[in-house]
Amino acid sequence: MNDLVCVQADDFSLSDEYQRLRNINGQVGAIVTFCGLVRDFESSAGEPKSKKLVNYLTLQHYPGMTETLLDDIVMQAKARWDLVAVTVIHRIGNLAPNDQIVFVGVASEHRKEAFDAAQFLMDYLKTKATFWKKLTGEGAEQWLDAKSSDSDAAAKWSEDSHD
Amino acid sequence: MNDLVCVQADDFSLSDEYQRLRNINGQVGAIVTFCGLVRDFESSAGEPKSKKLVNYLTLQHYPGMTETLLDDIVMQAKARWDLVAVTVIHRIGNLAPNDQIVFVGVASEHRKEAFDAAQFLMDYLKTKATFWKKLTGEGAEQWLDAKSSDSDAAAKWSEDSHD
Amino acid sequence: MINLLFFGRLGDLAKDAPTCIASLEPDTTPLGIRQMMKADHPELSKALSEPQVLVSVNKMIVKWDEPLFEGDELAFLPPVTGG
Amino acid sequence: MINLLFFGRLGDLAKDAPTCIASLEPDTTPLGIRQMMKADHPELSKALSEPQVLVSVNKMIVKWDEPLFEGDELAFLPPVTGG
């Protein structure tokens, strides 16, 4: 299997993950990567205008369940598009501004499949995988709310009969 | 300006380009990268079933005109989406299988803008920028035809009234 | 015995709540356990009753009236916010 | 003088074609130059006549009947295939 799914406290290297995808076989013509970073200001779901200074985010997950859900999301993507390989890495623990949170990488023959699958994986990961985020900043802790824009983005993939 | 447009014979480093985008400011929450690679087999536009072994591709461009067109494509993307920074690098000269041909990187606050803009940039770059590709393989040279799927992909962006 | 897990904001509210239920009565469900907590942990019980909260048994999402069995791992999941 | 540039497959066909036009007659257009080549470079002229071929003057796409002026750079562009 050419796919890789990992939940880890350690940082990841975009360069290493890219090289792995690039060297899988000679038919890889397109590689799309997504990296999510911690921003230095975060707005709550209900109040997009009021931004809060971030000291760090704490990423919690449900060990065992998360990996199963991520495997399932990757399998769905591979069933839907013609892909050579997929990587999903999600970090947990305390993450400071500019730290990497999540990596999604997709290798395929042509670019459309890689773009669509990477976006699908992120939309599903945001709304289905068992991660929770707590913001520590301005002397207070606050669990972040799910964003309705994320559920809308994930719902779009079930409505589409064709891509 | 945080944007970078470059046509060069030299290889590029995904890692360096990613770090540049990552460090522009603290509001970067999403980075999407696209890398195009030379595949070891290439099919002609008219005959998707008959694949030709690739010894190398020769990338030619129109110096001066290409850079102007790429600058214009980047400006269009920045007018259309809220982006922090964009990088477009396109290589020219002889490129062997697995070599990197093109890099597009987009940094933004949220992921949707970065995904849409990266895909838009690639669709436009494929159909508007003055590059030509010659395939050398199986003892013959052959200029590659434009693909109708690429023009269709680019046309989609003008039809969409909303993204 | 049934193990109880509370994630996200529910974890903060469940600091004094039991982490397991030692003796399982027949026909116990996640809903029943939520109601059991009403007396000693009213704030937690209220948070568990919010419509977005999901419940899983042995890492599979289930309905609130799913019957529980000895050895099950019951988890309460607020809306996820990964990525 | 007008410089002529041929890209992609047109460049291969234009190996023996002139790279410039030394003396410019009034009202010359890209179409006129294409027709001029018919006699000595019939294959190139035919390729230039394909409907997908675009023409640029000083790196801007123009119509085939755009008037040309002394010092212009005229380029013939087959369909692009970058990326």
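Note that the chains are named A, B, C and D in the order they appear, and that numbering of residues resets to 1 at the start of each chain.
What we mean here is this: contacts are C-beta pairs under 8 Å (C-beta built on N, C-alpha and C of every residue); 3 or more make two chains touch, one makes a residue touch a chain.
A quick note: this is a predicted structure, and the numbers were derived from the prediction, not measured.
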Pieces of the assembly without chain A, by contact: B, D | C
item: Chain A and chain B: spacing of chain centres that average the CA atoms, whole Å; value: 23
item: Centroid spacing, where centroids are CA-atom means, of chain A and chain C in whole angstrom; value: 27
item: Inter-centroid spacing, chain D versus chain A (mean Cα positions, whole Å); value: 50
item: Separation of chain C from chain D, taking each centre as the mean of its C-alpha atoms, in whole Å; value: 75
item: Residues of chain A whose C-beta touches two or more other chains; value: 36, 111, 122
item: Shared interface positions of chain D, touching two or more other chains; value: 83
item: Contact pairs between chains, per stated definition; value: A-B, A-C, B-D
item: Contacting residues of chain B [partner chain D, same complex]; value: 36, 59-62, 64-65, 68, 90, 101-102, 122, 125-134, 143-147, 150
item: Touching residues (chain side chain D, partner chain B) in the complex; value: 5, 7-9, 11-12, 52, 56, 59, 75, 77-83
item: In the complex, chain A residues that touch chain B; value: 13-15, 18, 22-23, 26-41, 97-98, 109, 111-112, 114-115, 118-119, 122, 149, 153
